[in-house]
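By written order: A, B, C, D, E and F. Residues from 1 in each chain.
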């Protein structure tokens, strides 16, 4: 079985809107937006697809930074951006539908931005 | 005789007195005493003439006739003045034509006819007099405190209460005159006074919209008046005579032409399609005016004359056309009522609908149909006045006449709400009056030729009726979060009137077999010569139902104890006691429950688009039919 | 023996289950398992329910819902926790948004283990709960409060 | 026409035997591979704790010193992981599911009877 | 007060087997405003990847959702394999294909059944679920679990299926196909169902794309996009065409699912025919490093698992983007202006799997 | 005599209604390939409901349900007592209005929408019931059920259109798919339980009994069409009920606009045609 090519282009935040708009105009659909916290900074991946060709943009964001929303380009992006906000605490500017942090109401706020280990109670008796 | 004169003249005198009085308290007292006297005399009239059949009162036409003509011309001048002042040229044109006709009538042809029996009393008159005397004067009493509040709520409006009460009582005078008159020319005189009074009352606030609507009412009624005048001229020129009873007894084409013309006037007055818009527009007036126009006066004048002419119309093409106008108005107005959320508009359309049913009965004209028609007039008057006055009271307390705002009135204003519920039940539920009348109408229609069409119309129409009343009832009784008790501020006079009307509502239902057998049936017997009686067992069953309805609320006492109270099901969302919950995006939402209005199906515009052309065509056929018959004659 | 055990009506709530147990509960209603044989109906309305069937564990968002539904069920009522998530949080015990089994909030009468619980197992569990329902009815008639207090604060659940 | 499309199936169902398995009357259908519950052969367990480590839901607790093997049935997600990773194959997956309980039972405790140096003898007390 | 009715729809609602909440604002039963709210099933299991070894996390991945359980396991395993560039044995790939198509059959029957239930067609629901039980029987016989199969592992599959059993499965499916034909006929031709589905919840082609729809929702709007065409597992060696409908309404989405079931049966037949002999797993050693996006076609649409490792036994990040999640924006668009009775129909027409979506 | 019939109705209708409900559920189950509940299940359910705790949202809601039950029973008793059929229909409508009011009273969104839909259904059903009564009158010349039942004219021959129309709304009145809009026997509806959402325990039991009364009343109405031959009538009722169950099992629930429009269309077309035909025949006979 051969594995798919998955090019990832690292871009700056300023480029983001222009690049996504170009993808949109080229007929790419938004596959997903995902965030990963690596070494104190956030990596945000934007995946696009056209005719099974997979393209990724990656933006790196320092803690406390804000992210521009691409929901004006891709309407459906708001759901990912809200999720990123709720899980990582990244503020996303200009979402078309802003859940204001209520997409996931979690016990721990912004669980993915911190280490949320529960106290270990692995004793099976309980 | 004295009673008649008292009833016609006393309100007039009271009106003059009220025009002079400035003090609120004195005015209240005068209205109260006059109302009591009028009501008492109406009842006395019942006692005096209930069993004596038709009694005629010959009055010399000489001074009266001239006086009426002069007043009539005065009215015409006044309307002309108003027309010029408000630049309403249709009104001017109609008035000029009508005055010309009346001048021609008075000086050209009326000399040949000298009616003797200018006034009369029969059972139908008594019924009408009771409605006017009791319900009309109750509305006047109610108006005293209502108008006080009204001006408190609307400080921007000029306080013209003196004029207001003056016209209200003039209205009563006109109505009494109208139902007692046997001379059609006299009847027409009173008819024109009601037109003018309603014009003035609708325009009471003198706002632009009020003036617009009042002119609409005026113009439509003047159009009807034109037809009425035409009828008078026809009668004078063909020698049909001016006396109502003789005319009806004569029948034939001589009577049919005026019958149709006067029915046309009746159709305008009782706001049938295509003339329904004036009554809806009249809702701009203070609520007692609406109540008066809808329940006991104005519109009832229209159906009154039609019922009078029903025997003439029976079985004729124009008669069927009139019946169809009534039938379709019933159907379409009921449908429109579904799409309205303004309580007064719902009541207005319901009035139009019920009048349509009465008109349909009158157009069919069989004795069963007339039996139904008279019962409809009675029950409608009682329920509608109650409902209007309740809405008026509610409006002043909660500051809105929108049905949606009456949500949970049962907790906020329990007594008024219960009265409203009684009023509404009276409009559409067994065993109350309106339903009995509808039941009678169904039976009347089946046996009438081509009556099947009307049965179908009635079947659909009453289904529509159930919908809009029941959903309104639902709004009243749904128990919302606790709110302040808004009932304390209701004035005692309003209480008195409302309770009295609610009692009357139940009483008429209980007494309906008596009304039927002592008033309606004898009257029908004199007109038609035969009558069938209402089956006794059905009366018993209806009384059982009424009894159950009165007894069952006792069970509420049982349900108050040992029942755990929980919140309504909200799909698992936790809600506060005031029915708020935190919805999506953290928005605090309040559960609001609106009714359905099915506007895309039963919207005002949509239905009017069907109703107006349809009824215009029907009326055209009616005129064509009568014209053909007239020419052949 | 009263009619209660002949006509138990269910209310099913998916707390934060993965659907595994949910679809097995639904499967119980379908021809192969057909629990209507025992008069069981899935009402979906707490006001009509006798047995509260819960799958999945509680989390921040659904904890109020669970209590709300429980309170709306008229007595006598029993709670059946289906699957290990409802019992203990299961494989998701350590997730940041999982607070554990539903017995931390409402009293549970029957635990049905399994991941996902098999339809047969669910039927057994519900049949078992009928006995408890009867007991509660008897107690209710006698006026003995058998209802354990609900914990709105998370309590130590089921220590040995 | 599109109306009464279902009638064939419906009428056939009426005259056919119901598809119902009649569960409590008849026994549950179970396949040889069905995952019911984990069974330990206490005589072969070497207390290596691999099963405990590999258990995704921490249902298993092994105390090598006290020679106990505990499993919380209300935590076990019957994934077969312990069975597959057990180096001595002392764990097996029984096809029968655990019956429901009315009180939270806590962990089920097994005393490991495996003795290290000599060849493991089969003891009578194998299961709880 | 207005004429509006505000209804809290869910989280507990009999037509929603899973908790979501919709604030419905109605006027005469017409939905004038709708905002969904999720989070009732959010467990936060992506975070568990930091605490479970990568070989063990597959058990968690399978429990992301009890309906698409197998596919989640598959996607996760494929992700790790992609990161570590593992060559999975051919037979394992075919078995994965067979199971994932079985999953699709079971899921589509389930969802069509629930769809019928939402439409108030109880009999159809019962019949759909009756047929589904046969699929589950085969699933249990081959994997040991009815809904949570647990047969995928990093480097292959846990269990082999004997060739007799495979033949038996195919002949069973052939039997079932007839009944399924009858069932889908009802869905596609019954006028009362059509009156509820045709023209309801229309998602135009362009919007489907822009709003990020996936799976049958996307294909129902005329896009021929099917992640199986990427050729993962053994799909590259099998012939099939994605089912596409163009109307974009609930009927189209329902039709896509109904027709896809037969494609799945055909795929299983092909796979059973072509399946080679050989081992079903390879030994996996070492720890994953790097990152990988797996895209597989779940019954509900394209599923993306993003995995990132750092050379230890624990992955750094597992990000699951499920088709239901990406179908929520189109759902919001579709719900505007529909009737109350259409709400559950439209919600079901995207075949929501909230368990997946919220993880 | 009529009083005896009325009393018999009051006593036996719940028994018969419950049995029919039980058999109905059994047949439905078989149609779905299941075994189904015991025949007496409906009674077990009822017994259970009366064993439950009394829970209300507002105290007044139970009052409306009581009225509903009383007036349904009354209209049925009037019917079986041979009373005036129009009066029976009005009492029947009154009863339903009470049910609707009960649903409104609780101020809960689901029962509110249920109430609105119930009203729409009431609006959809009302015309054909009245027209059917009128048709019966036109043939038998009496509004009394006793007379209609005693007449030996095969009404069905004269009133096929009205009968078909009545069958159409019978589905609505029996709350069967495709017209189980306001409250459904089956759980999974967008309105949860519609009008009955907020009723529980004994109150729900009352509604259940009222439903049984209603079912028997409606079947009695069907009987009138065949009343010239009781044997045929009973067979017809059985066939019609099974047919209703079949319809229940072979249709998806429609939406209210379609329910309203279609039932009015059926009423208007079939009802008017039938009545017109009767009218013409009547003209000939005269």
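The criterion applied here is as follows: a contact is a pair of C-beta atoms (placed from the backbone, for glycine too) under 8 Å apart; a residue touches a chain by one contact, two chains touch by 3 or more.
Note that the structure is predicted; figures quoted are calculated from it, not measured.
Listed by label, the chains touching chain A and chain D alike are C, E.
No other two chains have as many C-beta pairs in contact as B-F. Taking each chain's centre as the mean of its CA atoms, A is the chain most distant from chain F. Chain centres defined as mean CA positions place F nearest to the mean of all protein CA atoms. Centre-to-centre spacing of chain A and chain C amounts to 37 Å, using the average Cα coordinate of each chain.
Computed from the mean C-alpha positions, the centre of chain C lies at a distance of 22 Å from the centre of chain D. Look at where the CA atoms of chain B average out and do the same for chain E: the two points lie 65 Å apart.
Per-chain CA centroids place chain B at a distance of 60 Å from chain C.
In chain F, the positions touching at least two other chains are 29, 31-36, 53-55, 109-110, 112, 116, 187-188, 192, 197-198, 249-250. Annotation for chain B: residues 564, 566-567, 569-573, 584-585, 591, 593, 595-596 touch two or more other chains.
Annotation for chain D: residues 5-6, 10, 13, 18-20, 56, 58, 72, 75, 77-79, 106-107 touch two or more other chains.
Chain D makes touch with chain F in their complex at residues 4-7, 10-11, 13-14, 16, 18-20, 22.
The touching residues of chain A, when paired with chain B in their complex, are 97-102. If you check the complex, the residues on chain E that touch chain B are 1-13, 19, 21-23, 26-29, 35-37. If you check the complex, the residues on chain B that touch chain E are 341, 402, 404-405, 407, 570-573, 575, 581, 583-585, 587, 589-600. Residues 35, 37-39, 42, 44, 46-47, 51, 82, 85, 87-88, 93, 207, 209-213, 225, 229-230, 232-233, 292-293, 295, 302, 304, 306, 308, 316-317, 319, 321, 325-326, 328-330, 332-333, 358 of chain E are the ones touching chain A in the complex.
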